[in-house]
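Paired with chain B in one complex and with chain C in the other, chain A is shared by the two complexes that follow.
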Partner chain A sequence: MKVPEKVSATFDVLPPVPARAPAFVREVVGTIIAGNGDALPVSALPIDGTFPTATAQWEKRNIAQQIPVWDAELCIQCGKCVMVCPHAVIRAKVYDSLLLSNAPPTFKTAQPCWREFASLRYTLQVAPEDCTGCRLCVEICPAKSKSEVKHKAINMEMQAPLRQQESANWEFFLSLPEFDRERISHTQVKDTQLLEPLFEFSGACAGCGETPYIKLLTQLFGDRLLIANATGCSSIYGGNLPTTPYTVNREGRGPAWSNSLFEDNAEFGLGMRLAMDQQAVFAHHLLTQLSGPLGGVLVTGLREADQSKEAGIKAQRQRVAELKGKLAGIDSAEARALLAVADALVRKSVWIVGGDGWAYDIGAAGLDHVLGSGRNVNLLVLDTEVYSNTGGQMSKATPRGSVAKFATGGKQTAKKDLAMEAISYGYVYVARVAMGGGDTHTIKAFQEAEAHDGPSLIIAYSHCIAHGYDLGFGLNQQKNAVLSGYWPLVRYNPALRLAGKNPFQLDSKPPSIPLKQYAYQEARYTMLAQSDPKAARELLRAAQDDVERQWRVYSSRAAMPGRAETPHPVETVKEGGEGK
Partner chain B sequence: MSDIATRYLGLTLKSPLVASASPLCESVPNIRELEDAGMGAVVLPSLFEEQLELESNALDDDLWRGAESYPESQSLLPDLEDYNLGPDGYLDLIEGAKAAVDIPVIASLNGVSPGGWAEYARLMEEAGADAIELNIYSISTEPSVGAAEVEKGYVDFVRQIKRTTRIPVAVKLSPFFSAPANIALRLDDAGADGLVLFNRFYQPDFDVESLEVVPRLTLSHPDELLLRLHWTAILSDHVEADLAVTGGVHSAVDVVKAIMAGASVTMVASVLLQKGIHHACSILSDLRRWLEEHEYDSVRQMCGSMSRRSVPDPSAFERGNYMRVLSSHALKPSS
Partner chain C sequence: MDRVPIILDGNEAAASVAYRLSEVIAIYPITPSSPMGEWADQWRSEGKKNIWGAVPDVVEMQSEGGAAGALHGALETGVLGTTFTASQGLLLMIPNMFKIAGELTAAVIHVAARTVATHALSIFGDHSDVMAARSTGFAMLASNSVQEAHDLALIAHAATLESRIPFLHFFDGFRTSHEVNKIIPLLDEDLRAIVDERFVRQHRERALSPDRPVLRGSAQNPDVFFQAREAANPFYRACPQIVQDVMDRFAKQTGRGYHLFDYVGAPDAERVVMLMGSGAGAAGECLNALEKAGEKVGLLKVRLYKPFALEAFFAALPATVCGIAVLDRTKEPGSVGEPLYQDIVTAFMERQAANGARPMPRIIGGRYGLSSKEFTPAMVKAVFDELKKPEPQNHFTIGIRDDVTHTSLDYDRAFSTEDPRTVRALFYGLGSDGTVGANKNSIKIIGKGTNNYAQGYFVYDSKKAGAITVSHVRFGPEQIASTYLISQASFVACHQFPFIDRIDVLSAAEPGATFLLNAPFGQEEIWSHLPRQVQTNHHRQEAQILSDRCLRRGAGSGHGQPHQHHHANMLFRHQRRSARGEAIAAIKQAIQETYGKRGEAVVQKNFAAVDQALSHLHQ
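Up next, the complex of A and B:
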């Protein structure tokens, strides 16, 4: 083979980040991406270690050979693809048609399927350079062509020929305004697809089962979200140097995020809650002291604001802005102190996030203490049933019969029922969710957990590369987990208990397929069946028994009448202890 | 008392009822129960060479999945020392069944490669199988491959296996040949000791709500017996090989019909899957009663008594009969 004497190619390696990126991203983040981090002086790094968010958007990795392409005519705009996308690269917007005057020639658009928005336009857009090509969106898409069923409303096509055109379309799409959050339901999949995600382009695996839950969290509460993240996959893709996938909206609001250790993350998050609460208490105290110069109407409004809904939070933000304006004109120590804590007057949503290694094992005692505190924190367990990030070791969430490190002969014991442990408190909101088994159920659980004025625990089934199958079928497997009864969809809402109803709601149907039909799609189970068939058979039988026992317990609990629903007269106790 | 013993593939069977390849014969306790119920032999479920390969490849894919993107994923699932990806499980079943029962145990094999057929057949013989049933189930979806080529492949396989094994070999046929009698004769010439008529195929179904092609298992129906009777009656006059009827055998009368057509044995699965293994006892006691009521000394006595050559009017098996059946269904004039 004859090698040319000199290089004749006219292209060069792309810069690590585009030239239009912010200075810090170009000079620090970009240098680290290029592999030259050692060349950075210490003075270039943030002085307290706090890295800016919203930087993953500049790292265009271009790792997908194929990307999803939208068929606007076939699409029913259900929003499922947007919801399941682990990297937030498929997004939808509804916008005024006048905005299309500057649209690139290949920018696609359709009439919205919402009756009330019929005069507007709808677009589903893919970020071609950020997509990982996992195909979850294609597999979940329910719209099939009537003349060729393999053609869906989203189909994979080669990325390279589409890159330039779709990059331009993506940029234009981003320039379109976000839809008014108050005009849509925050409990329907179809509507929540229009909520801006504030978690995007993370370094999680293609097809990750965890990140769709985090993305949903940021869509629902991202502009007032504080996250305490346990070490594990979610801490690596959540805050791995040099880029940060958590981002901000146009008002500059987005999640604040920090990572703590396996063993104390729940307490770490509780600390965030206590700090915010204490700041609010201090702010209220200062408001009382400054009620004269600030005016009674504003102070009363700030102190008594109903922030249970987004509209109330928005109104409170306006009051806080007004407050800050007034405080700027008051020269006193109290005014300066109130200015420092004024933002604590806006309701914050504290979420303590981590995997099963944290929640079931190493951080279990802390998690239990925090649930026992009764404080208003939300705990999200991204349950992959194995220590994913550290290399696939067994946890107490690992199911019976599956193979993991330290369980090479198949785990001999059943998975711990963390939900039932938490339910035993009575005042903890608890949900077991699986996006592929019930997407609306998942959204409802997140909303109820946030609304609950006390501790909440959501245990989210998360498919994972450690399960050993093509993750493009991750949502199908989640569905099978629910259909087999292995992963019942459950919500325990203490608010129902206070209303005299049964707080335990079993939201999935009785098992309709055998456990084997779900489990034996995954190498973590089948590798045992093929290495030690006898042991695998016995463990499968025991695991099927686990499923049936669990279903009997759950269904009986769900069938129990609430206090006010009981068909039998019960003795109630009057104040003073006199029975009647 | 009438004698219901028969001979099939050179083996003596205590009854003409044989358990065909099905999940019923997947476990040794079931096989023991089948013997207790009076079955003359059992055919184990088919060992699919293709399935062994697919399982092996799929496991390898799954264990290495993601390794090209995330080096860590190479070690997410621990290394196990040994995977049982070959036919060992199947060979264990043969050995277990042979140790547990006295009736003949027939192994069933579906191969895809010439080497595969021969190697697995040899292993089955070593494991103690009394005979092998070749399940030549392949779907020729490639339009450029003609019928002659496919049929030659079947005949060559049989010839090769007869060369490498000493135990009897039966071939389970499909009814979908342009000239079934011709292929039967060629397989007979190639040395097949038995022909099993006919395989039942499981075509996938369409789910018109989800727009998906879905697998569907339908159990056999007694109506399916008629096709088997027809070809058994035709072939029994022409081939040396023993004939077995499978598909649609649900009662003692069905057994009688098949034997009269020329079958040495009849195979059952669906009716036992529906009613339980113990139902075989009822079929056999009905058979004995029928033979006694009709004064037959043995099943051998009536074997082939209604084959094409043995009936007074062979045209019943020919095209003319087709015309007659159709005309018998003409609409009656309205009154």
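Up next, the complex of A and C:
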């Protein structure tokens, strides 16, 4: 081309972050985003590796060519697109129509499909600059146009022409208040997807199968969440500089996140729990000592608070705020000490998150020990069935017959049944979930795990680029995994055991499609069929047998009687003595 | 306040402070550090409180890697935490130690330093484990005795909170961890006086919390990792002075002064030996002897090994020094020299490069004491003597005979610094026959009940049952820092007659020693049952034989562990200050304390054994 002599552009390179971002984000994070991190001096960086959260929102990456566009007319407001979005770029809100007075002209809105919210408005909004264009939302959308083939309530359109308009809409959408958490169900997909996610715009792959689970976690419990994260994909999209997807709500609360190592994550998270519990014990001790100046009503309220529900937690937070106010006026060592640990009086949730490389292999002994500890921690295994972060090497979660690095001839042995290992303890809550095979089931498992006052383990089927297919169909494959019986949906709830029932619940139906119909959609299986058809046939046959065997074990376990339905031998005491 | 001395071993001494200054304690057993975790667990079960009035949580993990991980998680969440380990266990903690230090997290790991397995496993003591952890960023503080394991534990806990540098506090496995000695205890009020509450609060306020969330453990790229790593420098620079300030506060509170480098010896010393750990006890005794003989020698004890404080080091060392022997209790094959030696050489070379006017002293390095190899004043003397030579051997070994690469120095085995006023007793027994327990009780009785100092060290072989135990017990009017086995005993007791044929139990008896033999014969028959070598030694040392037939009588009284009474004998012969009646009462009280939890019947059997033994003692 012929280069004109004059510089004539009327626009310039965008600043890495907007001017309204916080100072640290502008000066440090922004410099790194701009690729100038090398120029940062020592003094610019935190002394101890501590970074602020809520920073991914400032990093507008604009990587999607196409973004989803909402058809408000067609939408049934089921919330599925919101739930499966790996990057939290589709969100739903219900709000007062009065708030629409300042809305941008193209801002879309609809009548809510909740009878009780009929007087309010509903909007499904996309963040155009944060979307990766993965299409999971479109594929999961159940609302199809009767007149126009392929047209759904969510459809992909070119991003560039929409960017400016939808960015303005997104900003406006964010300015709308969050809906009252106490007015909606926390177990239904539709309702939970009105809850604010505190995990957004991560650097995970487009269509990632892991991040929707983490996002759900933050929607449900984000403002009281401590996350111990094993090294792996989830620690990289979770905590790789320059930004982190973990964010805060309007009160400034949100997940506190840390990564220790690959091999120690369960123990690391247990340590968090030990600390929280110990601080609560200490705080209770100090409350007793200070009950005079603090007043019996407050102290009793704080000590005996029922925090099993969110309303109780909220009330306790108010008490703690009152407590802090009073403590500020007391000049004593005890008061100062209590001030430092007062937050421990509010219920906190520890979730220990990592992949199968951690849970099945390098951290297995620690995971097992933490499950055996009986402590109230929750472990979430994002099971991609390979070491995703290092490039797809075999783990003990890798299924028989699939090809992975280090298993180039196909994995010769069956996947380890981690759920059954954990179930053997009897007091561990265990669930196998697959969002694409049962989204309500997934939410139920998260809630039950959180409610269980003891260790919980959720093994979450996570589709992955390492599986070798278009991840836009990831949730479809999850569904196939469940239909084939390869991934039965299971919940083992010790609470049922205590209630005299069989704690083992098999929540999916018997296999209705052969394993091949699920597996052979994925290159990790089919590549073996091409390179070594005979081995592939034999491994597939054995893998089908694994599935059937597993189903027999699970279904018989689910059919077992509970404690209330079995006889209990009673010690017989003979008359006239206690025996020898 | 008057502090009543107590008798305990190094593990209990360290654990007692660590427990009272912790909220979460993650534990995992490994010899020789396990008793620290066991004490913590026991104290928790008894409801013993830390100095803030809460009972710490003590949690056993599935490995030391797990213990370190749990500790890391607990510390990040704002509690005060500690753990105890050694050897392979410390190696498993290293990955987390890097992170704990990198995040400037206050913590103390107490280590009963033990050999790392190489060509063989060894449960015994040396510094190969702690030296393997020296790049983690932990500060490293060395204790040389039971008292110091107690004192420096507190200094470590206080200094870590103030400096934000985590501390590895170590003392020698077995030689200190399992040595029983008389110490002045630190009371809760001492702990409160030394630990500054401001820094405790700051530690709590740095807690990870969803109420004010932050992110830790990020992954960083080449653009900023390096700069961020250098950002912690000011904390490492400030750390030594903080430690010294804490030591100074400690001295005011307790009267016991410590320094980053403690120098003892001639102010105009020409030759200096440097080391850390229990070897300082033996070296100190040697130093005293040489100084009395007019030699210009000194001993430099390294307490704060990391961060290495150059200025304090040079300030502690007399300017007159022209020869330094740096002793390392570890081996790093293939290196230029062992770690402490290399640090000292570097320190001098840096000073020389900056200020060439000063003459460099001659510096040699040597290895000693691997796997609890004996380290005696005689060996220290050989090292001082080596420094006198015009061409002293560098990279020497001391305490072994190396006839392959000829690294070893010769030493004079007859050189002894034993204090004649110190009673030195050896007891030969069988594991589980009560000898060791009874000796520990005797030490408690002597240490608590009199003004005497007392020390006990117990050597076991590795048989799971029927192990031979040799108890090395010293007591006397002066503080006992003899960190080596007794080779000149004034009292030898053999509790198992069958040993007579297998072990030369009088080989370590000094002339005129008393020999107490538990024999199944009458006194007229005994001599004919002693083997030739024992009879010869007996004649040479002019020992007196005391015998008794407690095995028979023990059986008669239904009591199979007849050893308390030997201690009564020993007490009467060697500690005449104590009236017989008082001693008996003290023994019985000790029996009550030791065996009380096993039931009254056991206590009464032991009482009976004491009474019977006294009435059947023959000379």
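Methods note: the second predicted complex is superposed on the first by the 556 of 580 C-alpha atoms of A that agree within 3 Å, B and C clash if a C-alpha of one lies under 4 Å from a C-alpha of the other, contacts with A are read in each partner's own complex, and residues count from 1 in each chain.
Everything that follows uses one rule, which is that a contact is a pair of C-beta atoms (placed from the backbone, for glycine too) under 8 Å apart; a residue touches a chain by one contact, two chains touch by 3 or more.
All values derive from a computational prediction rather than experimental measurement.
Annotation for the three-chain superposition on chain A: chain B and chain C fit side by side.
When both complexes are overlaid on chain A, the residue A:Pro4 reaches neither chain B nor chain C.
When the two structures are aligned on the shared chain, A:Gly392 is found in touch with chain B, with no touch to chain C.
Touched residues of chain A, counted separately for chain B and chain C, are more numerous for C. When the two structures are aligned on the shared chain, A:Leu226 is found in touch with chain C, with no touch to chain B. Look at A:Gly325: by the touch rule set out above, it reaches neither chain B nor chain C. With both structures placed on the common chain, the touch criterion links A:Ala340 to chain C but leaves chain B unconnected. Measuring only between alpha carbons, the smallest separation of chain B from chain C in this overlay is 16 Å. When the two complexes are superposed on chain A, none of the residues of chain A touches both chain B and chain C. Within the complex, the chain A residues that touch chain B are 63, 144, 149, 205-206, 386, 388, 391-392, 403-405, 408, 465-466, 468-470, 522-524, 526-528, 530-533. Interface residues of chain C, counted against chain A in their complex, comprise 23-24, 26, 52-57, 59, 61-63, 65-79, 81, 95-96, 99, 102-105, 164, 197, 200-201, 204-224, 227-228, 230-232, 234-235. Considering their complex, residues 55, 59, 62-63, 65-66, 69-70, 72-73, 75-78, 80-85, 89, 211-212 of chain B touch chain A.
Taken together, the chain A residues at the contact with chain C in this complex read 32, 35-38, 40-53, 222-226, 228-229, 235-236, 239-241, 244, 246, 248, 252-261, 263-279, 281-282, 285, 289, 333, 336-337, 340-341, 343, 346, 348, 365-366, 368-369, 373.
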